[in-house]
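Input: a single structure, listed below in structure tokens.
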């Protein structure tokens, strides 16, 4: 991680930990917590898009696989699965997501552009439909309910603030993971893959294997999001990971822009605020028009997402530019 | 055995509907490299307008014309208002079309309500005919559907291969700037392509509203079908779209009858299989990024 | 420039920037009945000048008149319809159109002077290959096709950007012959070349372009025989490219 | 209560942060806040919108005031999916501070809200039109009430009528593959099978399927009728394709197959519905003055609504009215986690447009159900004629509870009598 990233992460962490002191319980549970969970899942999409240039619409499905895994390894309303110790369940669920990512990567390893989007979308829809039709494992349309975040000693993680802090920690962890990954040789191989598959091969990497590894790693990120999502909703069902959720996550990643991992969370914030308050801002029947219009404006005005927009604003304001220059200069000294 | 043949025929006639829905989408993609996610909205709009006009005039033909025309106009508006201004960025065009489809769905809901709409069949197409050899009755409209799809397919092929507009479209895809420098108004040409793609979408809506029915959500349903068909067949290839439509239509109908529980998953498995083995689709060119 | 000649095209003080790079710097040129040739090395701005005249690149200064009328605000298609025809570097024929289809899209009506048949007359080779697609032609055939389709605009001025690049010598001779013939038929010609002998054969005077400026006009015969001058201005020799 | 205190302490900060967004009516003590959850987008938007009309109708009937307090209504849309219903409820509770929630619309949403209600004791939940059996029968929640009954109850009398009166010995079922149709089919089959009828085939159609042409040909020729539990465009498509293929078996409909949301749909398929028997609490041609008064009120308030209120409008109306009557009984006292209020709701007995309403011990409605038949009203309008009334239908369809529960939860294969 660069010093600029450390400064950024530290300030974000500080802000997130102080947030409960200045906002309502509603804001914490319905806005902030959802933003973080959505942000984590969107980050797995945005990171893949940025690092290897492939937009995967399978990330929500992969999160859902972790969600189903944690549900099946916990007590649930349908009485399906086997209850496991917490550590086994959590690690198992994240690994399941990683494995699902690897499988997705193997299937999609040769695809690029619109075809990569479509093969991941098809896989995601196929899984969702399978889960909806299957009652033996997935309990069909109704899915699995009654899954609460666990209690660690005396700390009840399902309590609003505890769960929020859990999500903050999860978000910071995946952010650090992605920022760290970018600087490793593997991260550099990813970027080479994005820029020129042939050149990567010339460097001695096997492009398709690198794609699979990348899918596996972002699968782990989506897995973290999936577990938190399932604990947050206390349930998982095919509709939790359906086509509209998949498109929501895509929109979040796009609004945020794919320039910096933090963008996914900024996109999530805009999205959740809109989704929650659109019906207050406008005659309730037409809230979707408002949501669509805002997306349209964001896309038309800032091709690089809000991160790109932010960059342009910074360039216009000398003081901010000085600060950024300062940070980037310290980065160069490293 | 009779059931198998009838189901096959059903699969083919459903494929015909999907092909019509996908043809405009594929055309616009083939020419402009725009993945127009608002294509489903154009289909639904065409159906609604066709219903209103058919109801008002009592004529299915007038309704169908009006529906196609309305969708063509909407397609032109999309091109003029949005796509034209961001010619460079394909991703951005796709995203804009998603945003437009969200708004369009909501506005159409506001105007036409949540009801289901079905168009009156022209009396010529009502009822069923006996199928020789099989000894069952079969709906005329579904036979007509297959004929209509073949007509659309052949018409599109003739248009692209044999007419001056088709030549200009191909030249525009090859080298837009050169065509411009040879004295052609390229913007106008692309508007024409969008009008044609929109008209095909509107016609698909008319056909869907006649053979089945339309309601909120029909837009997404047909967009998804068109996407799958075109992706399996290969973006921008009319022949590919036909093959893709047949694969999808057949798998849906076989699945429905022979494997009701998981049949619905088949289509997507086929799509995953095709793209896994041939990432550019069955008939796609490899140059799509 | 001969005095009785009122120019078809006249560019004065044309400036063009690409980003912060000043590509054309105050170029002035008149093109009348006699062919004009501009020579210069790669990257000197020759292609940019052609594109600017065609309207494919926006000027940042100066102006261009066609038959005495300012056309700076006109789009490429307008310019093409009003007498400018462009044969670009690299030919840029349409790969998915056949030879015949290239000409068919250029057909406008009865009053057209240059018809398909006339093009096939001067390029019999193309008539033989009329149903071949653009990407299935040799370089020479592509060049004939590019010239042919430009002619179908019935141009007042033909702008050719390195038309002999990469062609076999016998084809080069044929192209030059055709251009000379066109010139005698009253079509103004602007030729941009690296090949000194081709340029010299077509035009009596050569304009020399260096770093976005036309630095000198020299009679062809003089430049052809003065190797020192060739090296000084062009860094090239007769044997060319 | 800790929850509430915290939120008021922080309300100042929120007010600044969300100045433009938060809805904070003045004099919060003098209002009672009600939240509505329905589906206002996608395929269910028609039914969902009518549900909201029902809520508004009930509030209007009370003049917008109850027990001296002003009624403040907040609406949230769900997508028909369980998660979105829960998120809508959270927003209504935590942001808008509602005391009572009316909703949701569909089966799986209802079960999700029932689960959610268990951890939100500060709020009382009154079901809208969601009709999955298990929302109240198994695993009920003390603060989740369902006045409208479930999907099985709505078809009371239909199975017996089909076997005894219409003489159908064998029926094939065509239905969408999820919990609401399962529940409706149970309601039909429990009587039909007991009477001696047989259901040799059930054709489960995946949600989202629109082309039924092949199902049409797979239906065996030796059945006497088809029992069709499809809603919206699915019903339209099936009936059209069945008829165009020359199918001529009589149709028996599920409740949503003959609801005004379909009878009002536009197109020629409508004539295919004429004569279809079904069961529902709401029938347009119900002559009772209560129902006719309700229809008149509905038509007056919502000229752009359906020609007759749908089951969604009625159920949301009835649920909202129950909520308000309960408030009236306790004079708006919601203290002590609504203890008195919930007691009042549990014991509430009141007249609805569809008969007298009271709850069983699981807080599920004991309803009067109409056996109906679709009739042509002229001018291209369809309605439902009442054939007979079954009063006081309980959730166990008249069976002893233990025996009923022993049959196990409804599914694709339960019940079965091939």
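Per-chain numbering from 1; labels A, B, C and D assigned in written order.
We adopt the following convention: contacts are C-beta pairs under 8 Å (C-beta built on N, C-alpha and C of every residue); 3 or more make two chains touch, one makes a residue touch a chain.
Predicted, not measured: the structure shown is a model, and the values here were computed from it.
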item	value
Length of the shortest touching-chain route, subunit A through to subunit B	1
Far-end chain from subunit A, centres as C-alpha averages	C
Identifier of the chain whose CA centre is least distant from the whole-structure CA centre	B
Higher-contact pair (C-beta pairs counted), B-C versus A-D	A-D
Separation of mean Cα positions, subunit D and subunit C [Å, integer]	77
Cα-centroid distance, subunit B relative to subunit C, in whole angstrom	45
Centre-to-centre distance between subunit D and subunit A (centres being mean Cα positions), rounded to whole Å	36
Subunit A and subunit C, separation of their C-alpha mean positions in angstrom	55
Residues of subunit D whose C-beta touches two or more other chains	41, 49, 177, 206
Touching two or more other chains - residue numbers and ranges from subunit C	none
Residue list for subunit B, restricted to those that touch at least two other chains	105-106, 261, 264
Touching chain combinations (by label order)	A-B, A-D, B-C, B-D
Complex interface listing, subunit A residues touching subunit D	22-27, 29-30, 34, 77, 129, 132-133, 135, 140-143, 145-146, 233-235, 237, 239-240, 242, 244, 273, 276-277, 279-281, 284-285, 287-288
Interface residues, subunit A side, partner subunit B - complex	107-108, 110-116, 118-119, 121-123, 125-126, 129-130, 133-134, 243, 247, 251, 254, 285-286, 288-289, 291-293, 295-296, 299-300, 303
Footprint of subunit C on subunit B - complex, ascending	164, 167-168, 170-171, 173-175, 177-186
Residue ranges of subunit D in contact with subunit A within the complex	3, 6-7, 10-11, 13-14, 17-18, 20-23, 40-41, 49, 75-77, 79-84, 86-87, 90-91, 94-95, 108, 111-112, 115-116, 119, 139, 177-179, 206-207, 411-412
Residues on subunit B engaged by subunit D in the complex (per definition of touch)	3, 6-7, 10-11, 13-14, 17, 51, 55, 105-106, 109, 113-121, 126-128, 136-142, 212-218, 221, 252-253, 256-257, 260-261, 263-264
